[in-house]
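I've put the structures underneath this note.
Same chain, two partners: chain A is paired with chain B first, then with chain C.
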Partner chain A sequence: MLSRRAISTVAGAGMALGMAVASSAQAEPLKVGIVESLSGSQTSTGRLYATAARYVLEKVNEQGGYNGEQIEILEYDNGGNTSGAAAKVRQAIADGVNVIIQGSSSAVAGQVSEDVRKHNIRNRGDEVLYLNVGGEAMELRGNKCHYHAFHFTSTAPMRVGALTQVMSEQGDLGDRVYSINQNYSWGKDMQESIEARADEYGYEVVDTVLHEVNRIQDFAPYVAQIKSANPDSVITGNWSNDLLLLMKAVGGAGLDDITFGTAFLDQVGNVANAGQGAMGNYVAHPGNIELLSEEFVNDYQSMTGHYPVYVEPGAVNGIKLFTKALEKVDFEGGDIDVNQIAAALEQATLETDLGEISIREGDHQTVMPVVVSRVSKDVKYPVDGTDMGFEPIEVVSAEDAIFSVQESCRMRRP
Partner chain B sequence: MEFLITSALNGVIYGMLLFMVSAGLTLIFGMMGVLNFAHASFYMLGAYFAYTLSGIFNFWIGLLVAPLLVGIIGILVERYLLRRVHFYGHAHELLLTFGLAFIFEELVKLFYGDYPVNYRMPDVLNFAAFNIFGTDYPFYRVFIGGVALAMFISLLVLLNKTRVGIVVRGAERLPQTAQALGHNVPLVFMGVFGAGAALAGLGGAVAGAFYPTNPNMALELGVIVFVVVVVGGLGSLTGSLLASLMIGIFSSFAVGLDWSLAGAFDWVGLGGWARSVGGLLTMSISSISGAMPFLLMLIVLLVRPAGLMGSKN
Partner chain C sequence: MRYKLPLIALLMVALVAVPPLFGGGVQYALVNALIASLFAAAFNLLMGQGGMLSFGHAAYFGIGAFAVLHLMQAVEYGGLGVPTVLLPLAGGVAGLTGGLFAGYFATMRAGVYFSLVTLALAELLYSLAPHWEGIFGGEAGLSSMRMPFMGLNFGTTLEVYYLTLVWVVLCLVILYAYTRTPFGRLTQALRDNAQRIRYMGYNAHATKVVVFAISTTFAGIAGGLMAISSETANYSIFSTHISAEVVLYTFVGGSTVFFGPIIGASIFTLFGFVVSGATNAWLLYQGLIFVLVMLYAPSGIGGLIQAHIDQRHRLPWARLPLPYAVLAGGGVLISLAAVFFIQSVEHVFSNRYQTVVTRTGEWPDYHLLGASWDPLSPVTWLVSLVLLVPGVIIVRKAMARIHELWEDQGADVYESETAPAAGGGH
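This part shows the complex of A and B:
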C-alpha cells in the first residue's frame, strides 16, 4: 500500500520510482553488528556478550522479526584491541548496520563509542547506535558521552555503593578497608568510589594500591602489603587472573578472616580456582541466576547450551530493553531511522526479575538494581562444578544504586 | 626486617618459577639458535595436559607424563616444521614459532574452553610450610622452588659432565665436524628441542596448579621469559637463573616500595614542587612493578649487550 502511495506522489521522478518499487519488494531489515572480542585474551567475556545479545535478538526473530523482516545479526571479531575494533566498526558500518553491540573492555568500548560518534557527525541521516553492554568506565558516561551511545551495564560507583552498603549491614565490612585495583580507568574509578563511601559507612581506607593489569604473575608481595595494613576487608575491582591470583595468594597466606568485596568474582572458573577460599566473599553484579525465573534460565540453557552466567543476565536485560524500544517505533517496512529508536529507548522501561530498569536522558546510563551476593553452599545453581554458588543477599534498588549524572557529560541532542 | 625477608623470599620463589619456564628456552636458543616464540605455549600445554591427566589418574602421574607429551609435540614441531624452514634462516623460524603460539592458544580454547580450568594442587601439598611473621607460607611455593633448583642442577650436570652434553655442545659449535665424527646432528637438534619443550611442559604442570591454568597463561608469561633469556645472556643457563632471580626479587621489592621521583626531589628541597607537578614525578615504584623486568632488560642491554653471562658472540 505504501509503495503505491509513494509511486503516485513521485510518479514523475524515475529514480525515486525505482527506489520505491525496490522497497516494496522487500522491507528494510534491521541490521545489528556484534563487534566483540571473539579471539585473543578476552574471548571468554566477549563470547558471553555475543551469546546474550544473539539470544535476545533471535527471540525477536522467532516472533516475526522487526520491520517486516528478520533482524540481521552480524558478528565481527575485534580481536580484543582498539585497532581491531576500529577496523571492524568501519566494516560493520560499510555493511550497513544500524546498531553496534559491544561489551568487553572499556578501552575497546571507548574506541567504538568515539568511532560511532564521529561517523554520526559526518553522516547525518545515516546514523548508527552504539549499545554498550559491558564497558563500565565512567568516562564513557562522562566527557565521552553522546546521544547515540547507550550504557546497559553498572559502573564502579554502583557496584561499590551496593557492596559497601550490604557488607556493612552484614557486619563483614569492618572498620579497615583495603583497596587494591588495576591501574587504568576502571581500577581508578573503583578506588575513587571506595574512598568516597568511607564516611557514609564508617570505615577507613587503610591503603590503596593500583597495579598493572593482568601482567602480575605473583601476588605474594601484595599479600605481604595487605597483611601489614591489617584490614578487615579488601575491596577490589580486579577481574580475570588479577582477581584469581590475588584471592589464591591471600588464601595461601592463611589470612582467611579477610572478607573480599569484588565486582567480578562470578566470572566463570573463579570459584573453582579459588576453592574454599572463595567462601564468604562478596560480589556486586547486575544479575544473579538465583533470582532469575526458572522459565528464562531453562530457555536460555536450551538455546545457548549453558545457564546464563557472569555478564549474561545483565546483557540480556540491556538488549531486551532495546527491543522494548523497537516495539514502540514502527517504520512500516520502510527505512530505519535510528534517531527514532534512540528517542524511544530513552522512554523505554523493562520489568526484570530484579525490578524495573530504564535509561536516563542525562547520560544514557541504565538505571538498574544491583545484586549483592555471597559465595555459599546454600544455592540452587552451584557454579564451576563445585558445591558453591552465589547466594543473593540483597537487591539494592535502582534508585539507591544509581550515581548522579557527571557534569562532564554534555550531550547534544539531534 | 619483616618486609626485607618476606619480599626476598617471595622474589626468590617467583624467580625460580621464571627460571623453570625459561630454562628450556635458553637451551633451545643456546644450542640451536632458534628464537622460539611458542615456548610459553609449551608451558601452557604442560599445564593443560597435567590437568587432564590428573583428572584421569592423579596429580603425580600428570606431573610426570605431561612433560613427556609436550616433549613429543616439541619433537614433532622440530622434525616436521622447523627443520623445513631452518634453511631460510632465523627470521622464518621466528615467524613460524610466532604463528604456532597463536595456533596453540586457539586450539586450547577449542578443546578446553575460554575459561580457566580447575587444575589444582592435591590436598597433600596444600599446607603451610612454615609461619613467617604471622603469615603462612604455602608449601607449594617451596615445592616450585625445589623443582626449579633440581632442574637447574640436573641440566648443568647433563650438559657439562656427561657424554650427551659433549655431543650436544659439539653439535652446536661445530655441526659439520660433529657430523663428520659420526654424530647425527639433526637428531641431536630434534632432541634438544624436544627436551626444551618438555622442560617448559614440566614448568606448566607444576606452576599451573598454583597459578590458574587458562588460555592466556602463555601470553602472560611469554614476554617475560624472553626478558629472562636476554638479560641472562643468550644461551647461558646460569645467566638465566641469575636473571630470573633478579627479576623476581626486583618485582617483589618494588611492590612494597612507595618511592617516587618526588621523593628523590625532597633531598634537594624540591619535593613540594614535584608533587604539585604530579604525573610521572609522583608515580610510585609500586604502581609500575610489572615494568621492572623491562627496565632491568634496558639497563642490562645498555651496559652489557650480550647479557649478564652471555659470551660476546
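This part shows the complex of A and C:
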C-alpha cells in the first residue's frame, strides 16, 4: 500500500510535468473557417466573400498573426445549400475552428447561425463565433439572433431608408413609387420598408408586386404593369437574374423617364447587361469603390487580381472590425476564449473610408453608413468594361441609416 | 446465404465500433451516408422491384422531415412527451399519407408518364413550400432542437449516429424481409408484367398504390432522420437535386440487387464528403464515375458483386487475382491521368493563379502529386497522355483475359466485368 506521502509526491510530480508540457506547448493559433458557396450557382458571390475575408486575415498574418501564431484560414465548400452548410459547419467545428465566416444566401446564413447557436448551448466553454458578412434577412437579427452571431451587412430598412432619403433629395423619387420584389423574406422585408417610408417622404406606393424568385424569363408583363401604374420611380431589392432581366425589359419598353432605386445594381455584370438603360438609376450599398482610398484599392487589386467590388468593400470592413476586436484581447499564447472576443467585438469601432462603424449590443447588427450612388459616366472606376460606373451621391450616416432593434430578438448573454 | 451472415455481423460490429474513433465531421458524414442508404433502399423498392421510376422521391423525404420537425417543435415548446428516439415514426406516417395520396394518381399511368407525374408532384411542393409559412416555415424553413431522453441528451453527433444506425438497420431489415414475402414477389411481378397480375385476379392499381406507399413511408423515415440529425429543413429539400441524387445512387449501386442502392448511396455520400474538401471539381468526378459505371457496368457495383457471387462455383478463383490486379493497376493509371489533367486545369485557370499571372506576367510552377510543374511546358501536359495510353492498353488486355477466363469455365459473362476506373483511387 502506498503511503500518503508517496501519493502526494506522485501527484506533485504529475502536476509539475503537466505544467511543463503546457508551457512548452506552442501557442494556440486562431482558426477561422470560411464556410462559403464555392461550387454551384452562387459560386461567384461566395468567392467574393471568401476573397474579402482572406484578404483581411492574411494582412494580420503578414504583421505577425495573432496569439503568437499565424491565423489558420480554412475554406469549406457548402455547395450553396443548407444541408451542405450543416455538414461543413460540423466539419469545421471538428477541425477546431473558433470562428466561422459566411455570407452568400440568407437561407444558408440561417442554417449556419442556428447550428452555431445549438453547438454553443451544448458545448459551454468550447464556443464558436459566427460572422455573417452577407445574410441580410431581418429574421437573423430578430428571432434567430444570439450572442455568438455578428452581422456585418446592411438590411432592407437600411438600404431603403438611404435610397428614399437621397432619391427624394435629388428629386428623383417623385410621389408615385412602385415596389417590385422577389417573393421571399428578403423581398418582403424590402416591400415592408418601402411602405413604411411613404409618409416620411411623402410618396404613395402605387402598387406592390411580389414575384417568383429566379424563375421568370421575361419581365415584359411586369413592365407593362409598371407602365400602366405610371409611377415616378420603382424600388426593387431584386438581385442576380431577376434584376438583370427586369432592367432589360425596362430598357426595351422605353421607360427611361422612370428612375430605379435598387439594392444590388452593382453586382458584376448588371450594368453591362442593362446597357444605357442603367444610366441615372440608383443603388444603396455598404461600400463604393469611388470613395475608398486609392492605397487600399490598389493593394486589394494586387493581392486578389481585381478591384474591390459589389459585396467586397462591406465584407472587408466587417472582418477588419473583427480583427480590431482581436487586438483588444490578449490570450498570451494560451487558450482562445471566443466569449472574450465577442465581448471585445461589441465594444470595437473601426474608422472606414465612409465613417465609423461599430456593433450594437441589442442584436449584434453593425451600425454602418450606407452609400447611395447613381449610374453615371463621371466616374474613376468604370465597371463591366463599359464607360459607366457608380457615382456616389451621398453617404447616409450610420445613425440615420440604422433601424431599431427588433422586439423578437431576445439575446441571452453568457 | 451462409457467407452472408458473418459478413453482415462483421459490418455491424464495424458500424458500431469504428465511428467513435473519428471526429464530429466524419461522424456527421456517416450519419448522412446511413440516411442516404435508407432513402435509396426505399426508392429501389419502387424502382428496382416495382419497376416504377419515380423522379420526385424528394417530396416524401421532405414531407417526413417537416413532419418530424413539427413534432420536435411541439416537444421543445409544447412539452409534448414524445421521446426523441421515436420521432422518425412521424416521418413514416407523413410519408405513408403523402404516398397513398400521390400514389393513387401517379400509378394510374406507367412508364415515363408515371415518372412525369411524380416529378410534377415534387415540383408542386418545391414551389409551394417557400410561400406556405405555417407548414414549411417560409424559405428559411423550420428548425428545432433535439430534447434529452432517458439520460441521453443527443447533443453529440455520435449519439445521433447511433440513433440513426438503429433506425436504418431496423428499416433495412424490414425492407429486406419484405422482398421475401408473397407481396414482395407480387411487387416483382408488377415490374415484369403488370398485365399478367390483372389476369391472376389481383387489382394492379391498388397493388401499385400500396407498393408506392410503402416506399414513401421509408423515404419519410429517412427524411425524419435527416431532420433529427440537422435539426432543420427548408423548401430546398424538395428540389429535383435530391430526387436526382437518389436515382444516381441507385443506378451506380445497381438496382437489381437489394444492397446495390445502399452501396451506391454510401460510396457517393462519403465520396462527396472527402473529395469536396480537396477540390472544387468534385461534382465533375462524381459525374465521371456515373458515366463510367453506366458504360462499363450497367448493372452497377452491386450487380458486379452479385455476378461474382452467382458464378462462384464455376469461376477459376486461383487464376483470377492476377488479371484483376493488372486491371486495377491499369485503372489506377487512367485515374491518375484524369486526376492530373483535371486538377492541373482547375489550378491553372483558378482565380488565385490567374491573379498571379496578371500581376507578374509569368506562369509560375504549381504543385500537384508531390512535384512541381511548369504549366507552359508540353512535358506537363504529356504526363496525362503518358499515363493514359498504357493505362487503356493494360485495361483492355486485362479485360480480354478476364472474359476468356470466365467463358472458359462456362460462366455467364455479365455484360461487362469491371469499370476500368473502379479500381483507381480518385
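By definition in this document, the second predicted complex is superposed on the first by the 393 of 414 C-alpha atoms of A that agree within 3 Å, B and C clash if a C-alpha of one lies under 4 Å from a C-alpha of the other, contacts with A are read in each partner's own complex, and residues count from 1 in each chain.
Simple rule for what comes next: a residue touches a chain if its C-beta (ideal position, glycine included) is under 8 Å from a C-beta of that chain, and two chains touch if they have at least 3 such contacts.
A quick note: this is a predicted structure, and the numbers were derived from the prediction, not measured.
Using the contact criterion defined above for the overlaid structures, shared-chain residue A:291 touches neither chain B nor chain C, since it reaches no partner. In the superposed pair of complexes, A:211 makes contact with chain B only, with no contact to chain C. Once the two complexes are laid over each other on the shared chain, residue contacts for A:344 go to neither chain B nor chain C. When the shared chain is aligned, chain B and chain C each come close enough to touch A:47.
Of the two partner chains, neither chain B nor chain C is touched by A:411.
Of the two partner chains placed around the shared chain by superposition, chain B and chain C are both touched by A:39. Look at A:229: by the touch rule set out above, it reaches neither chain B nor chain C.
Of the two partner chains placed by superposition, A:279 touches none, neither chain B nor chain C. By the touch criterion defined above, A:252 lies against chain B but remains apart from chain C after alignment on the C-alpha atoms of chain A. According to the touch criterion, the shared surface of chain A, contacted by chain B in one complex and chain C in the other, consists of residues 39, 47, 183, 212. Across the complex, chain A is touched by residues 2-3, 6-7, 10-11, 13-14, 17, 106, 109, 114-118, 120, 128, 131, 134-138, 140-141, 210-212, 214-216, 219-221, 224, 248, 251-253, 255-256, 286-291 of chain B. The part of chain C that touches chain A in the complex is made up of residues 23-26, 28-29, 32, 127, 130-131, 138-141, 143, 145, 153, 155-157, 226, 230-234, 236-237, 241, 273, 276-277, 280, 282-283, 351-352, 354-356, 358-359. On chain A, the positions that touch chain C within their shared complex are 38-39, 47, 51, 76-77, 79, 81-83, 86-87, 90-95, 106-107, 110-111, 114-115, 118, 121-123, 137, 139, 183-185, 212-213, 302-306. By the touch criterion given at the top, residues 39, 41, 43-44, 47, 183, 209-212, 214-218, 220-225, 227-228, 240-241, 244-245, 248, 252-255, 267-270, 272-273, 275, 384-386 of chain A touch chain B in their complex.
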